[in-house]
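In the two complexes below, chain A is the common chain; its partner is chain B in one and chain C in the other.
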Partner chain A sequence: MDFFAVVVIQVVYAIATLALISIGLAIIYGMMRVINFAHGEFLMLGGYATVIPTHAGINLWFSMLVIAPVTIGLFGVVVERLIVRRLYGRVIETMLATWGLSLLIIGLVSWIIGYYQEGAAPPLGSILIGSYHVSTYTFFVILATSVIVVGVYVFFKFTPHGLIAQGTMQNDRMAAALGVNVHKVYAVTFGLGAALSGLAGAILAPMFGVMPIIGITYITKAFIVVVSGGSLVIGGTASASVLFGTISQIVTFATTPIVGEVALLVAAVLLLRLLPQGITGRFFRRGL
Partner chain B sequence: MKLNWAVIGPAAAAGCGLALAGILPSVVETFVLVDLTAYIVMSILALSLALVWGYGGILCFGQSAFFGLGGYAYVIGLINLGDSTIPVALGIVVPMIFAALLGYFLFYGRVGDIYLGVITLSVSLILYNLINSGAQFKIGSAAIGGNNGIPGVPPINFPGVPSSQLSYEGSFQLSLAALVIIYVALHFLLASNFGRVVVAIRSNELRTELLGYDARLYKLVTFVVGAAIAGLAGVLFANWGSFIGPTVFSIFFSAQIIIWVMVGGLGTLLGAVAGASIIQAVTTWLGSNKIADPNIILGIIFIVFVLLVPKGIQPRLADWLRSLSAWRGSSGKLT
Partner chain C sequence: MSLDVTRRSVLRIGTGAIAAVASLGPRLGLAESGDKIRIGTIQDLSSFLQPFGTQKKRCLDLAVDEINASGGLLGRQVELITYDSQSNDQLYAQFATQLALRDKVAVVHGGLQSSAREVIRPIFHRTNTLFFYNTPYEGGVCDRNCFCTGTTPGQLLENLLPYMIKKYGKTIYVLAADYNFGQLSEKWTRKIASENGAKVVASEFFPLDVAQFGPTISKIQAAKPAFIINTFVGPAHASFYGQWSAAGMKNEIPIASQTFGEGGEILRMPPEVAEGITVCYNYLDEIDTASNKVFLQRMRTKFGSDFGYIGDLGVNEYQGLLLWAEAVKKAGTLDREAVIKALESGISIVGPSGDVSLDPVTHHCIFNMYLAVAGKDRKFIIQEKFEKVRPTNPNGVCDLIKRPETNVQFQPEAL
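Take a look at the complex of A and B:
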């Protein structure tokens, strides 16, 4: 029974991690139909923006929940201004340019900071379930992800900017004709996506550590979740995270984490054969 | 006139290749030959993506997956068999089978461009993780070696005679011959009916389908041919360095292939070869002089080309030459 509880917690944690690393990418994809190849580096920078202030004496929670998302969000706005905006409407070029940006950021970070950076230990200790120790931070990750997903939902459903953004996603020309400043909406949404990526990287930094190439370990999963989820930000991320989190975590229990990752990819390729538009291309089309 | 050009290009390439293969080994030092061999191998890899992406319009971001699979299949086969004849074939066939399987799901599912790029890249990244963590695995007598890769790969030998192994000069000549043959073969492939349909699908998939061609099948075949060429490049790469390691699957390597083809120009063969050689020369030079992290330079080249020279070098040069000759033509009339 205890073992079962631990397995369930691990599966939920796997789902939450997938949703957490994907939501920022999904917002940018849902908005601009562009995969941000520098997504992994946004996560990586979020980790650094947590760990470095913490070592400088600032409270870990403040660095994680405030400094990281704000810094990376502003960085995202700058990226949108300098690179993404120039390629507006040219999807493939945008992906290639963000890929170049990703290499550039990795190169700069490893040049300036180097390959070694002391991490931050996960706070909060652990709790005992039967005879198993489970890190309390696991629960924090699950909670934080739930808050973020609900927050994004509320933002797009109930706030004026969110509604305008949603309208722009559905039909940008009509939105522009109705007087919406589409460029501003894009910039803000890109910044929001970047901020959430930074926050995700910050939350995961105590678990996975920080290094210049940490982003690469995240992006495969984030790409697969967003691609398989389809164009709906919340519905796609949530359904794909639940599906793939469950599959990969169960395979991981049976074998190793790497085989779990392979299972995730195989499942995604099979799924795309059946649903080439992703899950939300077929189901929950009217959702968000 | 048109027919002439279609023959002159490949003939010139074959002539240059023959001349280089004959003259260079007796003129330059061995280490220069070894460097050149690397450029040649990378050029072959660039040609494979030039076909798949440049002509086929298939956004394959993970061409390195086939390159690496070819290399690993060759090395594992060679260590087990001791004779390189069958392993070379394995290095070409294994990536083809893998590409056929993956391509079936992607093309027959009619997956969109973005998804295709992301999935192919993910495949190569997950292969990286798989091989990287596979330190304990053995296939036959070949230890995968995980992060360390497989060192000490014996050279290619004359088919059926394991004792007559290729020297550095021989490897150079073999790689150059492969490059010339593939270049010429691609030229003729693209001039054939098949090649024209492939290019037509890139220009307008719907219209080509309405004319009765099955775009899915043509894309799949293009993808598999590209995988075969990339696999052969992987074989030659493993032979060049007597080594194969998981970095061939890494995101940096995948990015490099894209950069080569983009810098050279999409929809050109010679451009891809030039792009691969130039970028390879730049990164090698930077790496040996430790001026800056190569990723910084690659990233900047990548961004600058996407923003400023999206068509690549060769089409730009062609435009420039055309406008130059047009200007000379018009000034000739004036005087």
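Take a look at the complex of A and C:
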């Protein structure tokens, strides 16, 4: 019975992790149609933006929940201004440019910070479920992801900024004709996606560690979730995370991690074959 | 045909001339540096293996500097030709061919992952280019053209496992990276465990990009082993330690690792995560000998005081190059046959890890092994030292003196 509880917790945690690493990309790719190959590096920078202030004496939670998203969000705005703005609509060029940006960021971080920056230990200790130890931080990640997802939904659905952003993404010329500063909306939305990616990297830093190259650990799964999810930010990310998180963890529990990875990838391939527009290309269409 | 000097014709002829000269370039280069001895290296200096490749390259640079500072080799300066394989096995193949056929180097020192080594070893064997693989690996390579100066399971596991079995118990849970190094190491673990009266209760293999260890951590708790031994490689696998300590398991089940610390993990992971992990290597930065102090000082001088953690991935390259240089001095020539005979005549040096000598029969190293436990303040604490540890060669199956035509990698089943 307690093993069953542990399985359920691990599945929910895997779903939350997938959703957390993907939500920033879902905004940038799903809403703005920008293929951001530097997404993993935003997560990596979020991790560093947490551990470096923490080792300088600032409280871990403040570094994680305030410093990281704000700095990476601002960094995102700068990236949007300098690189992405010139390439809207040009898919191949955006891919190349963000790929180059990814290599540049990794190189700069390796050079300036190096490989030996000490990380942060996972806080909050552990609890016993039956005879199984489970990390309490797992529950924090699940809680944080839920708050973030709800927050993004509320932002886009119920705030003026969010509604204007949605409108601009759907029809930028009409929005411009109605007096919206389209460039500012793009910059802020990209910055929001970057900030959420930084926050995700910050929250996961105690569990995954920080290294200049940790971005590659995240990026494949993030793209699989976002592309399979389809064009809706919340609906797509949530449905794809639930599907892949459940499949990969249940199969891993039942067999081995190798088969679990294979199952996730096979599921992604099958899904895209059956639903090329992603899950929300077909289901949950009216929503966010 | 009239020879109008138009802009078009000048451009055409000019481009052709430049292309012709450029194609001669490499050959011109060879002639000009004809006075220097060329050594080749292929290292992963970018992408996910970058931290390891960078330290190996630094150690090679230091060794080359030292050789040149003391007068060079055979009266000539030594030059290192470096290729960045970008953590990509295909590039290894490409650069190996280039080093052998175009650059025509005297020897190649390099390679990190076992998969990369098995790509380039046949290339060097075919082209008769002397090859040194200076990285700890799963053992078994038996190839006259290849010298492996890194630790083998017989040296690492045969000292680490009995220590863990005696200290903690007889049931072992194996976590391994899912490629040849992890798989073969797991077979060695089973073999050595049964020789010591212990049992592997379960083995799990992980693709290199798996970073979620929740199910595994739960399964380990269900199996209740006496200790865990892991062969984790890469950034994704490194997440295991954070997740394990987050689950509060650090003080419940001890961990031994074949790879922890090789990439500077002792500096990168908070002590709450790393403390207690047991390892066994030929070299640790914390070794307290005169020769190591001198080595570390030279590294500090050349690379600054924040050169990070070197570990035996880096020092094996340093020791490997010095062994080769010693053999060249003994042979008096760069000729491959003569150098191999010199290497097989019993070469030894004093490296940062202590005495290092080449075993003529297996082309591997006999050297010290240090068993250590990760401590509280980002340092390893050395527990035991084993001297003159011989490389893995059960039943003498690899004998390059008696059977020099052998060209294979032995696997534990064959023994």
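One rule holds for everything that comes next: the second predicted complex is superposed on the first by the 283 of 288 C-alpha atoms of A that agree within 3 Å, B and C clash if a C-alpha of one lies under 4 Å from a C-alpha of the other, contacts with A are read in each partner's own complex, and residues count from 1 in each chain.
Just so it is clear, a contact is a pair of C-beta atoms (placed from the backbone, for glycine too) under 8 Å apart; a residue touches a chain by one contact, two chains touch by 3 or more.
Nothing here was measured: the structure is a model prediction, and the numbers come from that model.
Upon superposition of the two complexes on chain A, a steric clash is found between chain B and chain C. Once the two complexes are laid over each other on the shared chain, residue contacts for A:I83 go to chain B alone; chain C is not touched.
Of the two partner chains placed around the shared chain by superposition, neither chain B nor chain C is touched by A:S241.
When the shared chain is aligned, chain C comes close enough to touch A:A14, but chain B does not.
Judged by the touch definition given at the top, the superposed model places A:L104 against chain B, while chain C stays out of reach. In the superposition on chain A, A:S197 makes contact with neither chain B nor chain C.
Once the two complexes are laid over each other on the shared chain, residue contacts for A:L274 go to chain B alone; chain C is not touched. Looking at the shared chain after the overlay, A:F3 reaches chain C, while chain B stays out of its contact range. In the overlay built on the shared chain, the residue A:T145 is in contact with neither chain B nor chain C. Of the two partner chains, chain B is the only one touched by A:E93; chain C is not. The superposed model shows chain C running into chain B at a single listed stretch; among 62-70, 98-106 or 404-412 it is 98-106. Shared contact residues on chain A (touching chain B in one structure, chain C in the other): 103, 107, 110, 216, 220, 256, 258, 261. Within the complex formed with chain A, the chain C residues making contact are 46-48, 50-51, 54, 178, 204-207, 209-212, 214-216, 218-219, 221-222, 235-236, 238-239, 241-243, 245-249, 252, 263-264, 267-273, 306, 308-309, 378. Within the complex formed with chain C, the chain A residues making contact are 3, 6-7, 10, 13-14, 17, 103, 107, 110, 114-122, 125-126, 131-135, 137-138, 206-214, 216-217, 220, 248-249, 252-253, 256-258, 260-261.
Put simply, chain A touches chain B in their complex at residues 33-35, 83, 86-87, 91-93, 95-97, 99-108, 110-111, 216, 219-220, 223-224, 227, 256, 258, 261-262, 265, 268-270, 272-274, 276-278. Residues 59, 102, 105-106, 108-115, 117-119, 121-123, 125-126, 129-130, 133, 250-252, 255, 258, 262, 292-303, 306-307, 310 of chain B touch chain A in their complex.
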